[in-house]
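Let me give you the structure first, and then I'll get to my questions.
For reference, chains read A, B, C and D in written order, and residue numbers begin at 1 within each chain.
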Amino acid sequence: MLIAAALSALLALAVLGVAAGAEMWRHRLVYLCCMIASLTLLAGGAKHLGQTPGTGPAIILPIGLPWMAAHFRLDNLSALFMVVVNLATAAASAYGIGYCSHLPEPRRVTPFFPLFLFGMNAVLIADDAFMFLVAWEFMSLSSWLLVLADHKNAENRHAAFVYLVMACFGTFCLLTCFGLMAGGEGAYSFPAMRAAKLDGVAGFLVVLLALLGAGSKAGLVPLHAWLPLAHPAAPSHVSALMSGVMTKVALYGLIRILFDLHGHVPWAWGAVMMVIGGITAVMGVLYAILQDDLKKLLAYSTVENIGVVVIGLGLAIAFKGSGEKTLAALALVAGLYHIVNHSIFKTLWFLSAGAVITATGERDLGKLGGLAKRMPWNGVAALIGAIAISALPPLNGFVSEWLIFQSLFKGPSLPHWAMKFGVPVVGAMLALAAALAAACFVRAYGIAFLGRPRSKAAAEAHQVPASMRWTVALLAGLCVVLGAIPVTITDALSHVVTPLTGVQFAVSADLGWPWLSPVSSTRGSYSGTVLVMTGAGLCVITLLLVHGFGTTRVRRADAWDCGHKESIPQSQYTGQSFAQPLRRVFCASIFAARESVDMPDPGDNRPAELKVRVIDPIWVGLYAGIGRVVDFIADLVNRIQYLTVRRYLLMMFGTLVLMLLVVAVRQSQ
Amino acid sequence: MGAQTSYDIAHLIGATVLMAGFSLLYQRRLFAVLNTFAFQALALAAAAAWQAHIQHAPHLYVTAGIALIFKAIIVPIALHWLVEQLGIHKNVETAMSIGWTMMAGVALVTLSILLVLPVTANATALTRESLALAMSVVLLGLLMMITRRNAVTQVVGFMALENGLILAAVSAKGMPLVVEISVAFSVLVAMTLFGIFFFRIRERFDTLELADLETHRGDRQ
Amino acid sequence: MSAIVWQLLQIILVVAVSPLITGWVRLVKSRLNGRIGASAFQPYRDIYRLLQKEAVVAHSASWVFRAAPYVTFGSVWLAACIVPAFTTNLFLAQAADLIALVALLGVARFWTALAGMDVGTSFGGLGASREMMIASLAEPAMLMVTFSLSLISGTTAPAQIIAFVLSGGVGIEVSLGLALAALVMVAIAENGRIPIDNPATHLELTMVHEAMVLEYSGRHLALMEGASMVRLTLFMALIGGLFAPWGMAQPGDGAVAVLVGLGAFLAKCFILATALGVFETSIAKMRVFRYADFLGGALLLGLLATIFLYVSEAV
Amino acid sequence: MIGGFTLLPGFDNPLLWILGVPLGSAGFLAVLKDWRVATWVNVAAAVVTFISSLLLIHVRPEPTRLLFIDDFNVYLVVLTAFVGLTTSIFSAAYIARESEAQRLSDLHLRFYHSMYQAFLFTMLLALTANNTGVMWVSVEAATLTTVLMVSLYRTREAIEAAWKYFILCSVGIGLALFGTTLVYLAAQPVMGDGADAMAWTLMIKQAHRFQPDLLNLAFVFVLVGYGTKVGLAPLHAWLPDAHAEGPTPISAVLSGLLLNVALYALLRFKMVIAANGSTLTPGPLLVVMGLSSLFLSAFMLYRRGDIKRLFAYSSIEHMGVITFAFGMGGAVANFAGLLHMTMHSLTKSAIFFAVGIISQNLGTKRIAAIRGLTSSHPVLGWGFVLAVLAIAGLPPMGVFMSEFLVLSSTFARQPLLAIPLAIGLLLAFGALVARLQSMAFGEPPPHSHAHGKAGPLSTALALTPLWVHMLLVLVAGLYLPRELVAWFQNVARILG
């Protein structure tokens, strides 16, 4: 009931947002209410999350398909995602209170923001295909409008276009997928679909379409193309939600279909998903390393993390498909854990990016630098976020990757040769992605927040409003907590996976709190808690020893830099130069990355230039290709518009004669 | 006289209408086309009258009258007048050579017979035969519309098509008056509209060549 | 209870012996170069001297620059405490496994790289970007080694692996050899030894690790140096422990066994350090962009190691 | 011989008013001099018609020899009367602005209003006719009236469009008549001579005894004939130009109503065929026509530079989808088809309202010249966005529900047919969204109010119908009245 109230409140807020007009305080009020609503939903979700698995509370409204009212239900899975979603939305709303006054046209954001929140939450609680898709499209629609918030920029319009078309593609895939599960007579409610038995081909198609549909929303390679375009285009607090949360809602859809509605997916699909996930992870992070636009970089890093999660999910399916329920549960827990984590640190980073843009007006890494000194709060928060997202202990990112690795190492125990040989490869991909992610965020943080300012704007950066600082600080705190007490989280998650895998399971089975021992204590274990305490202890001891034996004197001086005396900040490493070694090693083949030096002749005093050319194979090959085909056919078809009446009559005549012939033939049979 | 003879006569007249349709395709000169059309209308009137006689359906005489007066007399004369007025040059521009057109016509007739004969096994022979004939006439009229470039010939083609329709209608036993009304109605309106159109077209394009008429063709980029 | 004692012993041990090991490597190298060289204990003196000096910090540096040495040293130290050196009966043995070990080294690298970029000099950035490139290949390779070991022994915890090897559960296996080779290559890269990097050089274009710590001085430099020394020890303990665990004390063994373990550990370090010295003098440093081939090789070896398991299973 | 039939309805019968009022007012408007009064007489007549059509929802009059009301045509009658009403309101504002722009003489305006009512009359007659012949006559008459209105502006383009429209539709309608005759021939041996053999209500009962082969033949002619008026590709050629060149209110009713009426005629014949049972199934023909229309219009959308032609082609696309749905048949698909007919006519007429105002305000129909509407005219702009999104099939608007049902049910039965359908829809969607973004967003052109001389009142008047329609579509997307659903399901069953 509380949840229903909060949701309807969100709808009302949209109207209020329209009415907000020019006064900024009204906009602030809307965001404040959004935050309260999100917190309510968060509470509602959390309250149900703890409860024992089973069919949760349901509501039936007399809307939707006439012969089948709209069903809503909150079970454990929905509850978990509701927590994930509304944690981020609460943060983003709070952030918006301060941020909305810095937007070019707040009136194009405030009304749609609550709708976006509503859409995402509605997807989670929908209990029939129609409502699910309505909410799903509603989510796309509202976010599309948010992407168009800064509509005067042609790039944004292009991004919005690609986004909406891809969203429609995804919806059609899901739509047909549901249609297949519902059957010709249209039994669209989820319980009916669970009951339905799918034959081989139908089962195959369902999984395929679910992957295409949810995958295109989540940003699986090669369906990711819209994501790095659309996410940066939106205002930062919206980008945070699109990247940090909306992709998770897509994954929710995937889990809902593959683990719940379809139920018994063959293990081979798991293997396929793992490969897709691995490719997505590596490609995503490679893209990210090449980006100079901070928000694009973050968007691509989202692609990478989605890939990581999908590896976990695929593993779970492979285990479940071969009857290894406990391991399936483990892999699923790992995947869900990573979902939770990513939603937090990606939101954190996008909000920090928003703060950077607010403070400097720049998104280009090449124009930033030294912000850690001028914006200490965001400096610290972003650093924590960077460590977490690079999967380094003792923060949360590492825990989930550790769990995924642990379950991955169990993969070869399956009887299928494909798994025995495939899993190590996927493992290598995952490891590669993790290491590259670290490189990517050293680059991002080091260039944006450290070093000397590369532009006047960066040099004059100022603190951002309090609400924008507190939210990031809060999220950073969460990163630490989720890393320090992993067992508490995994126990909560095991409630969720029990109904999906049909096995009671706890990650900390035989060592108990605070030890994560996935399979058995001798199988390799991890305790963030102990590690944090010991590590902190050792650092303190080091500090004491050093200060005990040595001096504590510090002298400020110019940088030594091997004796080069220079004061031009441009001599620092830029994003591109930092990426160069990685580009040469990894991107030469995949992205056909080429460098060409333009060296002026002696006496010519124009500066030398180093040009880098990178080709996105997927965009050029797939999307541009489709565009070309459509254009070509459209040109052909368009000629029909310019014929004479006589020719149109000819077409008519032809149709008639053709049909008569058809009838003649069919009659003769 | 026996039913057999009445059938034969009906078919004879129907066949005449069809033949007229063929010769419409065959004509190379505009006035000849008009005359042939007048002849076809005449034959149609005869068919209608004959049907009225053997079906004992007096209202069909009305149809016959309409066909006779409007189609056989007024329309051809009006078209003659138009051609003179607008100084359209007198021979027919074909989009497809006469020979091919005739062959296509034959093919269409075969098709319609092929379609109709198996159909009305239990319907009266009368209906069946004239249905085949009527359908052929309709198709021939359409064929004429698409193989002739000139507006007048297209109008004639359209009229021929309608002749086919009426032939079908009259030979459908006991089909209510509503059909004749509608036909007369449509012919009438068609005429007036064509009149208005030619008037406007003359105003604006001073030609009747469709090719000129469609220079714009909508939505040129 | 004993676990905690031995753990404390190891915590002290790793810090205590690493300068000596580094010193020994240098001594061996200088002897092979025909120089007399400084005594093996020189590093202790160096570190003490550095501690006495005041730390110079660039104007442009932020707090990250000053925090980095402590975090780096702390995390490497922590990592070194996890690898069983002389006994597997360690308190922290359950707190982290090989994956966590790799990650802890990652933390150290992460902070060092950031510190390199913090001052805002071109060399710092150069070092950082090269270091991350190297790491992006070394880490996966190391994880592949972990993978194959865990497939052989069924666990990722070093203590358990060692126990498994000691229990004679494993004979001579192709994949073990491959894993060892991969691990050694990774170790070379991670410690910035020739042919990947030259700890002694200050020739700008060839240095990687040194470029990052270029701006450090005084106690900060001491910590950075110390960190790399401990890292070297760590890897020796790891290689020695995983692939030649003989003499390692087990849970339940008494003090004697532990003493034996200690001896064995020092012996292993001595042998490995000598080998390293010889190796480094005998080969030349690589061009930067050939690292990829070297480490890619390591990665593939790791992968092969896992795959060979099934081959040997299959036959 | 005619089972208890009377020829005409009595005065208590709403049908009389529904048909009488437009006919009478058509005559009255023809002689009315002042166009300002005429606009309001026009509205008033539409109001009366609409109110009396509402009575039908509860009073179901007995079928007469000429007219009848059943589950199928009742909602179409109400819909037609409603859209006729809203359009007349819109046209009041539109005409006011046009005459300011001096584009139409008083004579033209008188003619326009008279024809508008005549057009409504013919459509309502076609919907309520209980006789194939009468239906045919009224569809023909509808064509003639619209031809006259399309050529209203006397521009070269308008004349040409009207010419094209007239020729193609006359030929089409001729073929439809032939089909009608054939159906009579099929019925006559069973039902005896005369009007009984043309009355829907009686034919349905006896259809199973008809000549199946004749019905097959008849359906081909009916399909090509009425299909031309529905605008199914490749018979569609008249539609875009006729929509583009006539006055916008006419475009609205053409798209919103006339296409539905033609489709209704087609479906009536399909009912007879379905009731017969032993004919060849017409499904495949419909499906093919539907898909061809969908694809042709989808690709055409990418090349349109004229905003009215753009949406004319989108009408073709939706007619294609509807035809496809009926071609698939089955309870779900037929329901979807009926729903889609309703939603499309509401949404598309709303879009044409918006387009009318836009082209009047900006003084152009070129898409390239229309930019940043949401900035320059917020209320209009957002209404336009909402309408186009609705027609593109995005929830929570009604079109989504029908597309959802068509696509999912088809995929469950004939995956190979659903895939092209989905691709076609996606293509059209892309084209529409691209155009929408370029028109509704971005930097508005300088002094885009130059042509918007009209007062706020007439603007408000012009905007109301748009928003009313959108509101209905929005509600229908989430909630459908029980009666409507019952009718739809009943009809869906009969359609087989």
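Annotations for the structure displayed:
Just so it is clear, a residue touches a chain if its C-beta (ideal position, glycine included) is under 8 Å from a C-beta of that chain, and two chains touch if they have at least 3 such contacts.
This one's a predicted model, so the numbers in the text were calculated from it and none came from an experiment.
Distance between Cα centroids is largest for the pairing of chain B with C. Just to note, of A-B and A-C, the chains joined by more C-beta pairs in contact are A-C. Our note on geometry: chain A versus chain B, Cα centroid distance of 69 Å, whole angstroms.
Centre-to-centre spacing of chain A and chain C amounts to 35 Å, using the average Cα coordinate of each chain. The centroid of the Cα atoms in chain C and the matching centroid in chain D are 78 Å apart. Distance between chain B and chain C, defined via averaged C-alpha coordinates, is recorded as 99 Å. Multi-chain contact residues of chain D (touching two or more other chains): 163-164, 167, 171, 175, 213, 217, 240, 303.
Chain A has residues 641, 643, 645, 649, 652, 656, 660, 663, 667 in contact with two or more other chains. Chain pairs that touch one another, listed by label: A-B, A-C, A-D, B-D. Per the touch definition, chain A reaches chain B in the complex via residues 641-647, 649-650, 652-653, 656-657, 660-661, 663-664, 667-668. Across the complex, chain A is touched by residues 163-164, 167-168, 171-172, 175, 213, 216-217, 220-221, 223-224, 228, 234-235, 237-238, 240, 280, 285, 296, 299-300, 302-303, 330-332, 372, 374, 389, 394-396, 400-401, 404-405, 407-413, 415, 418, 422, 425-427, 429-430, 433-434, 437-438, 441-443, 478-480, 482, 485, 489 of chain D. Chain B contributes residues 95, 108, 111-112, 114-115, 118, 139, 142-143, 145-146, 148-149, 154, 210-211, 213-214, 217-220 to its touches with chain A in the complex.
Those residues of chain B whose C-beta lies close enough to touch chain D in the complex are 115-116, 118-120, 122-123, 127, 131, 134-135, 138, 142, 145, 154, 158, 161-162, 164-165, 168-169, 172-176, 178-179, 181-183, 185-186, 189-190, 193, 197, 200-201, 204, 213-214, 216-219, 221.
Every residue of chain D that touches chain B in the complex is listed here, in rising order: 131, 133-134, 136-137, 140, 144, 147, 151, 154, 156-157, 159-164, 166-167, 170-171, 173-175, 177-178, 181-182, 184-185, 188-189, 192-195, 197-198, 211, 213-214, 217, 240-241, 244-245, 303-306, 309.
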